[in-house]
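See the structures that follow.
In the two assemblies presented below, chain A is common to both, partnered first by chain B and then by chain C.
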Partner chain A sequence: MSSTQRGLRTLLGENAVKRIRTSKVLLVGAGGIGCELIKELVVAGFGEIHLVDLDTIDLSNLNRQFLFSQQHIKKPKALVARDVAKEFNPNVNIVAYQDNIMDAKFSVKWFESFDLVFNALDNAQARQHVNKMCVATNTPLFDCGTAGFLGQCQVIIPGKTECYDCREHPAPKSFAVCTIRSTPSLPIHSIVWAKSFLFSLLFGPPAAESQFDETETDDNREELEKLRKEQNELGDLRENLTSPDFMNKLVHKIFMEDIKRLLSMDAMWENRRAPVPLEVPEYSSKDGQTLASQDQRVWTTAESLSVLADSVERLVSRLEAEKEISFDKDDEDTLDFVAAASNLRSSIFGLGLKSKFAVKEIAGNIIPAIATTNAIVSGLGVIEAMKYLAGLDADLRSVNIWRSADRVFTSEKPAAPNPECLVSGVARTTMTAPADFTINQLIEDILKLKLGYSEVSILSDRLLADPDYDDNLEKTLQELSLHDKFVTVIDDDDERVNLEIYITEGPVNIEQVEIPLRPNQSEADSELLDPADSIPPISSKRTAQDAGLPGTTSSAPGQTFVDLTEQDDAIDLT
Partner chain B sequence: MSSLCLSRLQQERKNWRKDHPFGFSAKPVKDEKGGLNLQVWQARIPGKKGTQWEGGVYPVVLEFPQEYPTRPPKCKFDQGFYHPNVYPSGTVCLSLLNESQDWRPAITVRQIVLGIQALLDEPNIHSPAQTTAYNHYKSHPDAYKRMVAEQVKKYADY
Partner chain C sequence: MNKYDRQIRLWSEAGQGSLKSARHLVLGVTAATTEFVKNMVLAGIGHVTIVDGNSVTEADRSASFFMHHDVDGSNRAQVIAQYIQSLNDEAEVVGAAENPNHYIQTPELLASYDIIITTRLADDILMQLWKNVCKTSVLIQIDSYGCVGQVRSFFLWHTIVDSHPESRVELYLHNLWSEIESYSDSIDLEALENHDHEHIAFVVLLIKALQEWKRRHHNGPPSTLPEKKEFKAIIKAFERTYDQENVSEAVRNAWRVSVPKVPEGLSKLFEIQEGCNLREFGLQLTFFSLVRALKQFVAKYDRLPLSGDLPDMKSDTAGYNRIVEIYRTKAKQDAEQFARVYLNLCQLEGLEPASQSEIEHFCKNCRHIRALRGVPPNEDKRLNLRVHEDSEFKSIFSAICGANEYLYRNHLTTWYGDQSAAEALRDYSAHYADQVGLVYDSSAEELHSVSAFLGGIAAQEATKFTLHQYTPFMHTLVYDAIKQATHVFLNGEIFN
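Here is the complex of A and B:
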């Protein structure tokens, strides 16, 4: 037994150490936090660890993902992490998957087989998915996340504490199309324009065919022609990408003609600073490559034009082989284009200029990751998991890390589930039904007859049926591929909470379920209910008190949740 | 899809089903898997009575992002729609639909389509999105009238 494990035995007792050793845990993510977590799990003696990550190792990971080194670049993270971590403790059984955790093969049944789950993810979508699977299978989840100096470990005990979706998480900001296309007022607006509008129009997937209606009369022909021209000019540019004159045409159109057109709509500039069309100085693409490497200083207009011309040449020469190119912050050709074009636009609109390095950070939505924060958060996650396995439910805490001189950590007792939450605040059941079972049978035989619904809407990742939409009534579970999936039943009268049914194939059978009233309904109606009434009482829902978790109060600063989302502002700006 | 987004859209659908403004329609579009895609709605917005837009019913597509209702939907007329605040691509430029301006998560589909209906006859000349309609509106009211009338005719059959 290692000294770590001897210490654990002293601290938590023999039983807890045994539970740790015999536990089967799932770790989702083998990146910055995942690498730290698996190291600690292995050293602490967790018996069986399943590790899922879709990614491969990149050079830029090596400054903080310490299980990986130069020779591992381009290899799958999950598999390399398994091999390296195993050397710390050969007794541990590590199963690695190079897969997306949202893949259907990671079914409810598979999730059910774990004693607990760790999230070490960088995006909200996967987090929400794992959260939902954990709540549906009653599996504790320890969700770790960091953003620079900030970090957080949320403890989620389904049915007893709130889940990831019980609180709202801030979404990354988006910009309106008018701000980006016509009235930028911040450097980031120019960067989004260069990346999501100009770059994708020139090098991205080809736009759909023009859908202009051809029913024109003599009266409106000229005007429609103008509108069509406004829409199509960029498409025309795209057709001319290989012409020797392309760079001149591009600069003339984008930085002069388009700006003059905006200026012609004079009302727009009554209360705004008007843009000034670019005066094009002498420049040459042959300086571009050298200038592009000077990424820490702001380029002059002539320098930006040189970099733009050079990057356009590089991108155009790639187009033959690649058909289309998408922006990637680590793809120098695309980054040079966006850095140069955005700065030219910023100078036209009198906005601040940025170095290529700064543009990379903004265009790539880079949040600096700090290895120390990752390590601390992983440690917190493992400590909370050990408390859980030792049966110390009352001591469980969700912990936040702050960049603060007087208080780095704040911890709070996990709050009770939010009754309005769409993951925690719903009723759940399972049912079996054969492939040829129809939606109509589900509604009539099960929901109305067995569960006492009157009108319902049925939802999976799409709307399947509601009182005004009956196209699918005769379709079968197989036709709609609903087996091994959740469907949501929504009471059309808003009285009951939503019901989530997990359907598997088999003879028709549904597991008994109590469907509580909606929280606002139950307050209003609870006094009127006869205790013998068939509507189940809401007290059947488990609360924090039942779980031995004290109160729902939390200390003030602990409310903020960190969301580390490498979100792309992939907005369509046409 | 985020459960919050989906459930809110389902609620919007239910509210619309049970009650919506006269002459309007709005419905999620069919998806290829058999079902309705709640993230894309096809709406038809009638021109307001007593305005020069009366008589036309204008199709608008509402595209809801994953982050809805934190983020607003994108609303599009047909490509080439004639209006000062509509981009040549059909995208509507309206402060109600701008996250940095008037968008609030509580705004309903009903309020959105009513807002777009109001915009038809009350363009905002400070946020023009196409030069053609803007220049007519500002300097050639006769041409503007004629073009709007043409467009009413074009959409009268719906």
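Here is the complex of A and C:
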């Protein structure tokens, strides 16, 4: 406790101050918002703060993450934040973990020990995970996020308000493979091509499976055939990376031969601007390094070729030690390659050219971030948390920073849970079972016998069993690593809402649970309930398809999608 | 790559340069002004001087992260300056252990700062300060009391050249020049094969349609609804194949043939500078002399300079490249002509001209420039009390001004334990006293999170004033943390 806090006492009451002091808080993320929150929680007098972040400190963090400076670059955020905060203020008492919050060791039991959770994350996957754990453990969650001048803080009181997943969030951008490989129409298509196709085939880990949907139709047979040939040729080129003629061969193939091959498919260009194979001017890899440092201006064709040649030399020389290289926006060699190759492709297809600086933003999914918006959002988040602890439930507000002439943000009473939500709208229970407990035993002894199901499907992060899929029936919980995880039980008779079971190791036992019936469609469509009524969440249907399981997603033939969001893109992944 | 990468993506290297050369003066240390300084220093401000004559108190410790038992007895400004300097060695942070009043009464000490931040100044002192600095600085006052607070900005003019418009596209089809016209004339639509016909850029289709329109009518481009329908029918008649994409694009862009007007705000700026001595615009001298030159350009050519930006269009590559080249060349010529007009003007008026790149930047953005005229502190209070709606926020505003006055008159930093203060606060808050209780309950102490919020808002405003790219609010923002709501009392004028 930093001081007598007379103001806080008078304004929020003695009880609130006591609750703040005895609260145990989990803070997920020690980035821009995380650093602000640490400071605010410490000054407000929160007794015990646990801080989780997997990430290390990067130069580009320093314009806002005030606990970090030059000397901390590449060190773990969570640990440095703890130590530096203590240098600034001896009252700081933080338990720090350099870990992924989705790690199994942060179990339901662990989440249960917190009074409040703050999310200060920038990736949807981790946010959804924390949200699910908070809803499952009935722990209030204050989810903060910013992007440039915009930001939001959502107040989530499980069972009473919407959760993070009660509303749909925009899906990450993805593109049809044909757009990327054959018919790019925007500069971003060239960038995705250079990064996810060309770079990874030449330098990346061998692709696990073909990027193509093998379903052939009369429409795409010719195109798929040619794309396969193109990909195989690249594979051959990769074998010859160290040959002195590699660069010439590469340029000849990808910017001339492949383009001619595309042009030969007349039908493709009837309604499109046709590409023009590259006319290769004089260039030299010697100029590459100097040009690559000029990242604010657009390079000419010859300059892009010079940078490409130079970056290829740099990447090839690394291959002896590294075997394979993955794209990383902060790895200059990989960024130079992608910036140069994408601009060459864009000029072939008559698309806008981009500076290396701009390519980096797109290829690395960079979101602008400034100190002020983080300060604003963090302030709002902690105020809501203090209001919650002061019992001012009716005054709780979720906030969107959206500046207009007459206000800084809009705030709204959190809405009631969405009965269709896959997190808020399900039944939950816990069970214990030994390591050698099988899926079949789970279905027969527990689900059918004890809970009265007749036909079920079971999912974890993949399909485990359904009436037509019995491969896993004799496998044990240990073999499938299902301890300390949720499995989802779907009623195939379509009567009950989904049931989420959290399994821990122990003698066979399942916690009593009432599984509500699925509401009929008309009820489900009715308006959201007033949070004041605090009606418990009801129902939802989850199918294997919703869960996005392999082989169950449907997509048009030839319309496989390349997901732009890859592991290496996550900026502050926690 | 540099450490400002994530913000340069918003406001460009040029914007970052403006921050680097900015100088701020902070009069009085509170949690809110401390947070302000922290945010500006992280963003890369060039220099900030923090002035405060007092040492760290118990109230500071309960609201500010950087003040704790270890620094008891030290001067507040120096403690803050030392900690915050460690956040960014590219910024210069100076702590001055002096009474802010000394600065307020010494104009020479104020002259070199672009933005002056004050806190809890009584209104007449604020007015006195304003009179000394309004020609050279923007004034921002941050007041934080418990769960309420406000940020007020005072400035004579704020100008914006790059206002981040969604698009700078302007085709100027009503006023064709020879290159674009002869390019269009070189294409004989009827002689083209279907495939080539489908790849004629919509710009050309619009020019052809407009020529046909002029053959039929003599009164300028289509303006009434039936005329617009007729014009679209002319375009539609070009169609050879079903749903021909370039023709659909031409129909969608048909509105672009109307005579583009000089935006209303810009015409007003033309009027405002007319007949003025440009030097009266003080810090905005360059902006307004460019505006005067722009007016002369418009008088001469009957249109604004072309930006050279084009929309996406379906076209064959050669045709598209040709159109891009024609528009770029024209935009370059316009920029040169504009520069000539401007440099002439500077010579005539004996002004130091802006740099070549500044002139080009202004020219490219001229259709979207913006200017705001602010109000002085006394206006802001008087005018606000006339506002009838938002009586609750008006009451908070009034109570906070009253609290500032009370503390200032009585040389206090808190009224903790003094019950008679409630009555006194009520007196100082004049007629709008409903929310005095809320301010009184704070004992003049700050809640850190409220101050962090206000410090964030104020720093964002200061950033806008420094960058000349974004529109600040005009001019008083009042915040209620319990209701989680803000209200901006609008005042002054905006021209855009």
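The definition used in the following text is that the second predicted complex is superposed on the first by the 470 of 574 C-alpha atoms of A that agree within 3 Å, B and C clash if a C-alpha of one lies under 4 Å from a C-alpha of the other, contacts with A are read in each partner's own complex, and residues count from 1 in each chain.
By definition in this document, a contact is a pair of C-beta atoms (placed from the backbone, for glycine too) under 8 Å apart; a residue touches a chain by one contact, two chains touch by 3 or more.
Because the structure is predicted, anything quoted here is derived from the model rather than measured.
Engineer: After lining up the shared chain so the two structures overlap, which partner does A:G379 touch, if you call chain B first and chain C second: first, second, both or neither?
Structural biologist: second
Engineer: For A:N63, using the defined touch cut-off, is the partner it touches chain B, chain C, both, or neither? Pick first, second, both or neither.
Structural biologist: Touch partner of A:N63: chain C, not chain B.
Engineer: Scan A:E270 for contacts with chain B and chain C and give back first, second, both or neither.
Structural biologist: both
Engineer: Once the shared chain is lined up, is A:N472 touching chain B (first), chain C (second), both, or neither of them?
Structural biologist: Only chain B; A:N472 stays clear of chain C.
Engineer: So, A:P90: does it touch chain B (first), chain C (second), both, or neither?
Structural biologist: second
Engineer: Give one of first, second, both or neither to describe whether A:K39 is in contact with chain B, with chain C, with both, or with none.
Structural biologist: In the superposed model, A:K39 contacts chain C only, not chain B.
Engineer: What is the shared patch of chain A, the residues that chain B and chain C both contact?
Structural biologist: In chain A, residues 270-271 are touched by chain B and also by chain C.
Engineer: Please output the residues of chain B touching chain A within their complex, sorted ascending.
Structural biologist: 1-4, 6-7, 10, 13-14, 17, 28, 30-31, 33-38, 65-67, 70-71, 74, 78-80, 82, 87-89, 91, 93, 97-101, 125-132, 134-136, 138, 143, 146-147, 150, 154
Engineer: Can you check the complex and tell me which residues of chain A touch chain C?
Structural biologist: For this pair, the touching residues of chain A are 2-8, 10-11, 36, 39-40, 42-44, 59-64, 66, 69, 88-91, 148-149, 270-271, 273-274, 276, 295-296, 330, 350, 361, 366-376, 378-380, 382-384, 386-387, 392, 395, 397, 399, 403, 405-409, 411.
Engineer: Taking the complex as given, what residues does chain A use to touch chain B?
Structural biologist: For chain A paired with chain B, touching residues are 124-125, 128, 132, 165, 168, 170-179, 181-183, 210-213, 215, 217, 219-220, 223-224, 226-228, 230-231, 261, 264-268, 270-271, 422-423, 457, 459-464, 466-469, 471-472, 475, 479-481, 488, 490, 492, 498, 571-572, 574.
Engineer: Using the touch definition from the top, list the residues of chain C that touch chain A in their complex.
Structural biologist: Against chain A, chain C makes touches at 1-7, 9-10, 13, 35, 38-39, 42-44, 58-59, 61-66, 68-70, 83, 86-88, 146-147, 195, 198-199, 245, 314-317, 320-321, 416, 441-443, 445-457, 459-460, 463, 473-474, 477, 481-488, 490.
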